[in-house]
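Next up: the structures, one after another.
Below are two complexes that have chain A in common, paired first with chain B and then with chain C.
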Partner chain A sequence: MNYMRAGGVVKGLAKRAIMLYLTLVISMYITIVVANMGGLVDQYIKSQLILEITYNIKRNPEYRNLPPAEIDKLIKKTFEIEIKRRGLDKPFLVRSFIYLKDALTLDLGRAMYLQSDSGSRQVKIIILERLPQTVMLFTTSMLIHFFVNLFMGLYLARHYGSFLDKLFIALSPTSVIPGWFYGIFLILIFYSWLHVLPPGGIVDVPPPEDPILYSLSVLKHMILPLASWIISGFFLGCYSSRTFFLIFSTEDYVEAARAKGVPPRLIERRYILRPALPPIVTNFALGLIGSWSGAIITERVFNWPGLGMLTYNAINAFDTPVLVGITVIYAYLLMITVFLLDIVYVLIDPRIRLSLGGR
Partner chain B sequence: MSTPRYEMGLKAALRELLSYKSGVMGLGLLLLLVAISIYTVIAIPYDRAISLWRGEGGIWLDKPRNAAPIWIKYLIGKNLPENIVLDTRVRRVGVVKAVTPIPGTNFKKLYIEFTFNYPYDGFPSEINLFFYAKYNATAPLLRIYWVKPGGEEFKLMDYMLRAPDDILYLSINPEAYRSALRHVVEALGKEPATELPIEVCLFGVEDESMLDVSTARSLKGTYKLIIRGTLFGEDADVDVKAVIYGRVWGLAGTDHLRRDLTIALLWGTPVAMAFGLTASVAVSIIHLIIGTISGYYGGKVDLIIQRLTEIYMVIPFLPFLILLATFYKLTIWLILAVVIILSIFSPGIKSTRALVMQIREYPYIEAAKAYGASDLRIVFLYIIPKILPPIVPGMIGAIPGYVFLEAGLSILGLGDPYLPTWGKVINDAYTNGALYKGYYYWVLEPSFMLILTALAFAMLGFALDKIVNPRLREL
Partner chain C sequence: MGVLMEVRGLRLYYSTRKGVVKAVDNVSFQLMEGETLAVVGESGCGKSSMAKAIIRLLPRNVHTYDGSIIFEGRDIMKLDEETFRREVRWRKISMVFQGAMNSLNPVLKVGFQVGEPLMIYDGLSKEEAIARARKMLRMVGIHEAFADRYPFELSGGMKQRAVIAMALITNPRLVILDEPTSALDVITQANIMNMLKRVRDEYGLSYIFITHDIALSSELADKVAVMYAGQIVEVADAEIFYREPSHPYAQKLMASVPTLRTDKKLEFIPGAPPSLLEPPPGCRFHPRCPYAMDICRREEPPVIDLGGGHKVKCWLYAKR
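Moving on to the complex of A and B:
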């Protein structure tokens, strides 16, 4: 690679980085506006607030002897102070930009209603507390999926037309059924009927003291959710990766290599897997990022305390800081991944290197 | 692309579709679902379905709670109890009502006798008495008796109506329970080892087996429920409807609110089909148009569309959908609109865009440009019709995803507030512990319908894919 080309690549990537950041800013702003319902959530918060304040003041024995007019005044004053403290006195338009700045600098702030299990209201702590559970379940499932699909796809492509191949094709429509739906059936079979596995949750109640028993209990609770996701994606995943490899293996250069007498293993590695690498890497990276935010419905079916459940709880409480926090972390991860993928493409795909450098 | 295949028309395409097994099955299932939908919409109009599902006017009071479908009987080979409804207002064999004035007073004597056959295994789920009375100042005084097959009559309880349309929940009435239990203890000479529900006391075989609720068997034969009473006043009258609730009911069973599940199963069909089909078709067509515009015009337009697609990639689809549905309590049709709006730009546009970028260079487009066809004309009349067939399989194949999306939203409690849908039934079953209490039919029936719908479209999509993308057929 000569210097001129390298310069072109760097310039192209820098341009791309700026574009991606702009994308991130705009989508975060949209998220903030929608998560606040364009300011409508404010009304909800305010009415909640006034209820809460009235309740607290009326219940406080200190104020019991005050005349009603005084109490009303007190309520009003407390309400105004609270509104100011939360910054709700400014118009939504102004606040939306403050929120945007906070989100972009990853200053996630405090949740309005939700609390972490340790009692903290810091959005960062709430999210970090749920993250391991989600990663444990969904990233594991994504990894299993990815490798099973890859190897099974290769195997089927190699044995294309065999009974197994036809079986996978015939069963691939089963994948239109989502994981959570299989989950209900798995609960029905393994909990209600056979009584061998727990129906949900992450650990036995009460949790075992011994760390080994504790992890075994968690593993036991992971089986069904994990299985439901793997079953759901299994056949279609293998089928599409098989078709993907088959399309690459019917390219002319592969035929030519075959005609030349290149050994099949070598063909697979150099002529099929090599050019198929960029899409595989993309799938892997995006799948990894996608698994981060969990799955709302699956987590609810299995009562799994991950980020999906947190998202759901945040939505039900209209706890916008938590919602925006989850989204902004996801957005950053996604954008960084997309950017890294661009760099990886440059490294592994000479065609892209050429087109970028030639600009 | 321009093989003669597309010119063969619909008939030939259909014939080809039927040459695939998955095509035949998909089409068959689809026809069945369409037939169900049409029947449902005609037989149970929209408004009626909603009012039935809300249970307006107490229409479900006679139905058993959480009853399994009736065909379960044949499946497990046990004659599970069916619903028995006896009503003095409907004269038939086994229902006797006599009102005789007592001379010298304006009181009347009431005698009601319900005779019914109970040939079932197992015990009823509940027993209720519904009264429809007329009286002026003093409420009628009633005395309720029970007669087992071949047994003596014994008193269950005294009852004074609290209102003209009173309901006596015999199953949870302590006085009736005490009398029934006393009767059992007298017959057996022993206290039962476990607590016996009143239905077991009233319908059980009176021997050793009855001492334990798990071994108690039902006594088959002719039972009598007798009500004797005194009515005060010239025009006082009492009619009674006795309902001995079974454990099986109807084709699909009932839910926790005694509602007939067939309504939800039937109405779920057109709702799911309309939702899935509209969402999928609308989204696919929008993607097609946007992808075509992006690929055809290129330049700035393309750039903007690419950026918008990336922005949409970041926006969390499901959380936004849930948020809007929660905040506004959206009906299913508004949810549909939101789904479509939230998926306007998606990575799916890219493939269309790439395809159009190739087609743009084709001679016939150049020719069109040469004779002065406008860009819009080229996009909508020359390019889109050409690339439409290959996206049809994807469009059909995407339908189940949307059907399950609706079901998933219902599982989160965000379904349509009025209409009964499959997802809502599953949600009801789930929140009422159907999986833990063993009401499997409650989950399995709507699930079965969902799977049927999903498979119909998925198989059809697969078969179509092979027809319009011949390259796949070779693989």
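Moving on to the complex of A and C:
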């Protein structure tokens, strides 16, 4: 690294950052248009609004004696004021850009229908309230997966053709079945039949007061969803990482290293893992942020109050601000991760470092 | 000059789904100190397998591996794997692999990789090993600054030289060169051949030079062995061999070499090399041989000594 011309690398990374941000802007705009159904959601909101206003005015004793024509006029006026207040009088095209600006500045606004558990309508609060639960469950599962796959894959590649290796190949199709499906079976076994684990939720009802008991209760609730995901991904994950290592271990330089007398463990570290590091790191980083978006069906099956559940509810309720909010936050996280990955590549792979102009 | 290595009855068979592949079948030859043996033959005739059998780098699917290899007076086939690795491989016999372009780890610096055997075998520190690697790189004609570069920054010829430096770093007695210049242009090829000659003379090395390019082999060879279908069919001193090869296959091979500026019709050998799964009975070359006789189809030819170390495995030379 001592000859690295830092300037070239910085310039290269700056270019990457700009490109990434442009991608983010474009994808955000597409999301906004889609989440608003190209403006169709407006119609939906307007008819909802008219219904609400009509209902409120007709129910209001103050207006009971007004002639119907007056009432109609009143409804129309209130409607127009409300439309203006919400900014719905401007055409969708104009508003889509206002939404875009808000989204990019992380001004996520207010939800239309959903509320946070603390009663807030702020989209930011709603999302931040759900994020920790999702991270706790799915990031844990992802980390366990990643390391188990890595070490098991290396082990299987080392024992290519052994009984265990063949067993993993034979069992890898079990991963076609998604995690939540195993989840249903686990609930049947451990809740309905054995009565040892809770069927869902995140903590006992009522929640224990003592913080230690509380975390133990959360852990107990995590076992089944975690197990269902780990079972589902285990065999295929190990199988594919084993194949990955096998491919890297047939490179000519691995053979040359063997001939030079490099001991097997060192070959594994220096000649197989090192050159394979960029794809491994990529897998890790993308798996990590992928785990932050939660899983809609698994969270529904286990009644787990995470982002997946929130997404599900927001879709059902046409709650565009929440959907856009979730996407914006995720897009930012993805962009930052990809950018950090670029920096990590520069550190671990000389080929990339030099192609960016460093020396 | 003493005998450096004597190979007797070397066999290396692979087991595959289709059956047993006799890649090296009963090969014997002798190599003197400081001598270069060129091994020529078509692709798939077992040249590389023979090299791997000598340096004992075997694939997983080995079926048979036997014979004897007397190296500096002891049978290295009898050594166990660990002793072989510690005392013979790379210390005494090293190798330049076919496809040297890919013989370097892309994420390690060239100097480190060239010096690595010294760290492993002699317990040298990284700095000492790299310092020695620099010297060796200079020896093979690369500027020592390239020790701090990564392989992808080197040209094909430079990579080839670096790989040769890697094979020479432990100061071995014998270097097996498996198609060391096959992917290079002719100018680079010539440079590397000259460098190999210079290094050989300076260190008193022996080479086994494996190539399918007969013309190129004449640059370096003291002795030539022709391989066909896993067997050596002719061994001769280079001078004799290039003037008049004896085995029909060797004759055909020579006739297929293009020459500059002469309007010669290039010959080719009809048919393809036989399958090593079920080699033809009798002489393995008989289906393609213009002189094939009855006995060739029935009985395997003996090795006939034509004198002066010139040996040929062909019925044409048998006294009957």
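Throughout what follows, the second predicted complex is superposed on the first by the 336 of 359 C-alpha atoms of A that agree within 3 Å, B and C clash if a C-alpha of one lies under 4 Å from a C-alpha of the other, contacts with A are read in each partner's own complex, and residues count from 1 in each chain.
Simple rule for what comes next: contacts are C-beta pairs under 8 Å (C-beta built on N, C-alpha and C of every residue); 3 or more make two chains touch, one makes a residue touch a chain.
Please read all numbers here as calculations on a predicted model, not as lab measurements.
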| item | value |
| --- | --- |
| Clash or fit, chain B versus chain C on superposed chain A | fit |
| Partner chain(s) touched by A:259 [first = chain B, second = chain C, both, neither] | second |
| Vertex chain A, arms to chain B and chain C (CA centres, degrees, nearest 10) | 100 |
| A:172 touches, of chain B and chain C: first, second, both or neither? | first |
| Chain B versus chain C, judged by how many residues of chain A each one touches | B |
| Touching partner for A:251 - first (chain B), second (chain C), both, neither | second |
| Chain B versus chain C as contact partner of A:351, first or second or both or neither | second |
| Chain B versus chain C as contact partner of A:271, first or second or both or neither | second |
| Touched partner set for A:315, first chain B, second chain C, both or neither | first |
| Per-pair minimum CA distance [chain C against chain B, superposed on A] in Å | 10 |
| Overlapping contact positions on chain A, where the chain C interface meets the chain B interface | 160 |
| Residue ranges of chain A touching chain C (in the complex, touch as defined) | 3, 160-161, 251-253, 255-263, 270-271, 274-275, 277, 348-351, 354 |
| Partner chain B, residues of chain A touching it in the complex | 19-20, 22-24, 26-28, 30-31, 34-35, 37, 40-41, 160, 170, 172-173, 176-178, 180-181, 184-185, 187-188, 191-192, 199, 243, 246-247, 250, 293, 296-297, 300-301, 311-312, 315-316, 318, 323, 326-327, 330-331, 334-335, 338 |
| Parts of chain C lying in touch with chain A, wherever the complex brings them together | 55, 57, 60, 85-86, 89-90, 94-95, 97, 99, 102-108, 116-117, 120-121, 148, 150, 152-153, 163, 166 |
| Of all residues in chain B, those that touch chain A in their complex | 22, 307, 310-316, 318-320, 322-324, 326-327, 397, 400-401, 404, 407-408, 411-412, 426, 430, 435-436, 438, 440, 443-444, 447, 450-451, 454-455, 457-459, 462, 471-472, 475 |
